[in-house]
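Have a look at these structures, which come just after this line.
The same chain A turns up in both complexes below, where it pairs with chain B and then with chain C.
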Partner chain A sequence: MATDMLEAPAPSETAPRPAPGSRALAFLSAGARCALPVYLLLAVGFAAPLVAVVAFSFATPRSFDVFATFTLENYATIFDPANTVWLSFAWSLGFAAFTVALLAVVAYPIAYGIVHLFGRWSGLVGILFVFPLFISENVRLFGWVLFFIRNGVLDGSLKALGTDGGPDVLFTPGMILFGMVYTYLPFMLFPTVLGLSLVPRDVVDAALDMGATRLQAWREVELPLAMPGLLIGMLLTFVLAAGAVAEAKVLGGQSVIVITHDIEIAFTYSQNWPLGSALAVLLMLIIGGLTLAALSRLDLDRILGRK
Partner chain B sequence: MRDSVVMHEDRPDTAPGAGPVLELAGVRKTFDGFVAVERIDLQVAEGEFFTIVGPSGSGKTTLLRMLAGMEHPTEGDIIVRGRSVRHLPPNKRPTCLVFQSLALFPHRTVGENIEFPLKMRKVPPADRRVRALELMRMVRLPEGYYAKNVTKCSGGERQRVALARALAYDPEILLFDEPLSAIDYKLRKTLEKELKDLHKETGKTFIYITHSLEEAMVMSDRIGVMRGGRLVQVGTPEDIYTRPTDRFVCEFMGEVNVLPVVAADGAYVCAGLTGRFTPPPGGPQPPKGFIVVRPEFLHFVEDDDTTTENVIVGTIYNEYSLGSRMQYQVRVGDKTFIVEQSRRHACSGAPDRPVRIGWHARDAIFVAE
Partner chain C sequence: MTQFSRRAVLQLIGAGAVALGGPTALSRAALAARPKELNILCWEGYNSAQVLDPFRKSRSATVRAESLTNDPTMINRLRAGETNTWDLINVNNPWARKVMLPEKLIKPLPRAEFEPFFETMLPSFKPPYRWALSDDGKELLGMAQRFGPYSFVVNTDKISRATAEDTGWDLFNDPKLAGRYGILESDDWNVFGIFVIAGIDPFKQHTAEEMAAFEQTAKRVFAGARMIGDIATMNQALISGEIDLHLTGGTYSISPARADGFVNLRGITPNKGPMGGKGGIAWIEITSMVNNPDLSPLAADFLKYVQAPDIAHTVAFAEGTFNPVTQMGNPACFNLFTKEQLDAIQWDSLEEEMARSVEYDIVPDYDRALDLMNAAKRSRG
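And then the complex of A and B:
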């Protein structure tokens, strides 16, 4: 062995020579190299537009002088007490909060049925809830307009039956809320199904066996254990609903202007990109802040049983 | 144990030993026509450790779930201390089940798990804590575990938490659904003994189900062997071991030698074997049945041995070391006999050499067909 060692070329002091081409990225680990394309895609497709929007929000109002000018004038406009744009924020966040609350109440029993009661019919129920997603949201919302409009499906049918006709609900905030709950139900339902299916049956049975009433077993065991799923659904639908615009425009008939509608107007009709960007940045900050606040208040690790 | 904090108010003050604590009267359960449990009549005495043993699918879990109230009998009645509980939901029954999965609350600490039944009964937090720590001492959990999350506990520790939680409910009857089946051998042996001690300490009635007769033998006052939804034999471990009533019970106890025999002139013969076999003394001698000989009662017969009534000649074709004992597989014709002997009585014969094996008539068991 020893003589062999002497005859063999002395071991090189440097690491084995990398294959040609990979040398440029050799300082990165294999994982980082594999993730690189994704990072590039995110940088170009996600981070860059975000930077552009933030930059635009500091540009001279009604101009396109992005990166060339810096002013807080757009934000000053928004926070001007004479400006009523805060109403749009309030409508959007209010709608989102009510939508999430209603969805939680509506989705839970359906999800419970899918997980525990429907048996072999639960698959079909799930498919039927997904099915509307194949049709454009706007088309579905206009469908509801036709249903509720004066002399429409509901009103016309009731009149034909000799009554006074249907209620005049179209173009009201209540109708917008209905539209949002309708649109976002699947996004709440499936995370809730996931959450409930993570609750072992034995554990609920054990709670009942040890003297808990059904309500106690639900509150103490089933709900906390299903919470991760519920929380995902609530966060998802809150973010979607806070950014929703079609429901207010179509079912609300522009009787209520939500913040996303304001942003759209700024970017299109009034050609004031800096103001639109400032509103968008503000909306992101508010939603991000609320989401983080909700997440920090709810101890996710504890809910998930890791401590 | 009769702590005022945890006592059920509606519990009648019956003295231990006054009548059965649990009575099953013709309990039957069918699922869509499939009979899971077939007409079981059983009485369990106060403070008894009763074990139901059976292979999977024998209906033992269904029976236990009926006792807990998670299934309801199709027919028959379940009576606890003279009161029918048939129509009561689990939370109204004085029974508590320790699940096979243990069913601990993963989002709660050890203390919160144990206190759960007390919390449901609206016991004040301070009292709950006192009781939980008391129970933790009883099941040998260190006090420091009170605030530990159950998901961080080891398998054995979780067993103890489940046990303490069930005891906190203070049930008349504790039900166990094979809680030790997922535990490794050494720890299982420890926990079996601890469970037996705990049974003695609490004086409660334990109903335990398992598929391991060995486990049942260690812990139980009485054992019920279940098969196909029926209780085929109920008796003390001694009864079951020495006087099994049928072939199934015999074979359920592990490796045994079973000879199907028919009567012939006061003795028995077995098809495929030469020789006449003497049945165990006493008892009826029906025309057909099985002679059952445990491996440890089969021995190698020396040439000068005249006391062994039953002798067969075969060849050893395999031998295994069981540690303190040796096991041999002896082939006689198309039959294989299992012989287990201590190393002192080990066979010195070489494989494939003819050997004489035999048993004393008094060591065999005769079961009717």
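And then the complex of A and C:
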């Protein structure tokens, strides 16, 4: 055995010299090398557009001089005290926060029913909540307009029954909030269902057996254990709602202008891509910052039991 | 289990790279000669199957048309470098001669070949037609087809046509109508509308006082609006009784509702206004050839194709909105329109409405006015 080893030629003398490229690749683990095509795809399809948006935000206003000019003028315009665009940021983030809060309250009991109460009907109830996602969001929102509009489904039906008609709720901020809660309910519901499914029933029963009230068992056992699902749902719906525009345009009749609408105006009627890009970058930073802050405070790893 | 050698994996990756990069290389090669490919950037209607399918079939061509609903976005697409993509662009009248030709975004048409088509158009489009020509009158920049007056729309059951035409834009200064009108989401046109409601000609350089008046008017008009929305929202709200009138609008926006039988809804052109005494604004689409280095020969072919009486009639009543076309000056085209279709496009008053209108033009201080108007919109909340 030892002789064989001594007689075996040194690898460096017989193996072909590796090409410079493959030597560079050798520094990567096998997994990283296998993932390289995916990384490249992400760089081209995901990172490159982001880089373009960031670069545009530093370009001369109302120009296409991306990568050729550098100015902070677009950000100065946004932070000019006379500019009211902060209102649009406030509306978007406010709507997103209220949407998340309402969805948490609305989705929890439905999720609890799906996990614990509806039995063999749970699948059907789940499908009923998924089904609207197969229809375009704009079509669904226009459906609500027809429902609430004067002499529409609600108002017309109530008048036919001899009443004064339906409430005058269309084209108001409240209606926008309703639209967002309606649109994003499935995105909160199913992570919450997942979270509640992770709660072992025995643990809740044990808490109750040891004298905890139902409220204590919920607050100190069930809710913390279901928190991963709830948190994922809240983050998902917050990000989606902060970027929502159709609800404010269709159901709200633009009674308020949300930040994504301002971005859209900058890219279209204003012919000002650099300003639109600067607004988009700020929105990304705000949402990203809030998301990271929430995650750091809630310590997802600990909740998921990795520590 | 299938075993892959390192060589086989590298071969697969190589094949994948070729598959990813191949089409790009091929399309670049194909770009050099595009005899069977045509790309059109247009307002809705020209992208409909009714208009495009006969052309596709007869030429065995691949025709791609993208529709947008405002001019600035389309112009920006060319400015951003999409002159390499598009062959034809269809926008309103001032852009060709005032913006796209000076910025070399479009190229002139062979005048001798195309100007004769103007001979058979409606009288106001006879050659030399100003908006189809360059500033010096030497180059033919595009073909005129759809047009229409575009000021505001009323429900004549609530506000008579005579009252609306006599009162004009002051309807939107009437506090009693606050909450009874909508605003169509068409910001460039709304800039015009707000200026005119303030009693100011939009199409000139404005003084600080005029801009202040614009700002105050914008805040008041937007605060009094029941809603801002698209054409479907405006027409639905007019039909349901949610609103009695809306700006900006005209034949283009209300014709679908009129075609559905709601002829009580009508585009109004005021009798008087601050634009040299005229109260209305009208648009005329000019379709031009893009300054594409690999322009498809089908671009010129398509411009001729839509001049045919039957195709012009199809363009007038393509999906979306219904509009008069310049080719109605040719009896062979006009006779294709039914009485209901003529009612839908308000043919009975079209000539007088166009006479009471100035033509859509560039607002020199549009950027400033738009910023003020957007701020006014935000202040609604």
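By our rule, the second predicted complex is superposed on the first by the 277 of 307 C-alpha atoms of A that agree within 3 Å, B and C clash if a C-alpha of one lies under 4 Å from a C-alpha of the other, contacts with A are read in each partner's own complex, and residues count from 1 in each chain.
Quick note on the criterion: contacts are C-beta pairs under 8 Å (C-beta built on N, C-alpha and C of every residue); 3 or more make two chains touch, one makes a residue touch a chain.
Values in this document were obtained by computation on a predicted structure and should not be read as measured data.
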Chain B versus chain C on the shared chain A, clash or fit?
fit
With both complexes superposed on chain A, which partner does A:146 reach: first (chain B), second (chain C), both or neither?
second
For A:37, using the defined touch cut-off, is the partner it touches chain B, chain C, both, or neither? Pick first, second, both or neither.
second
Which of chain B and chain C A:106 touches, first, second, both or neither
neither
Pick one for A:200: touches chain B only (first), chain C only (second), both, or neither.
first
Partner chain(s) touched by A:212 [first = chain B, second = chain C, both, neither]
first
Figure out whether A:91 sits in contact with chain B (first) or chain C (second), or with both, or with neither.
second
Who does A:55 touch here: chain B (first), chain C (second), both, or neither?
neither
The answer to whether chain B or chain C touches more of chain A is C
Looking at chain B versus chain C in the superposed three-chain picture, what is their shortest Cα distance in Å?
36
Considering only the defined contacts, which chain C positions touch chain A in the complex?
13, 16, 70, 72-73, 75-76, 79-81, 182, 185, 187-188, 225-230, 232-233, 236-237, 240-242, 367, 370-371, 374-375, 377-381
So, in the complex, the side of chain A touching chain C is made of residues 37, 62, 64, 83-85, 87-88, 91, 142, 145-146, 149-152, 170-171, 173, 249-250, 253-257, 262, 265, 267-273
Chain B contact footprint on chain A (complex, rising order):
200, 202-203, 205-213, 216, 220-221, 224-225, 302-307
If you look only at chain B, which of its residues touch chain A in the complex?
68-70, 89-91, 93, 95-97, 99, 101, 103-107, 116-117, 119-121, 149, 151-152, 165-166, 168-169
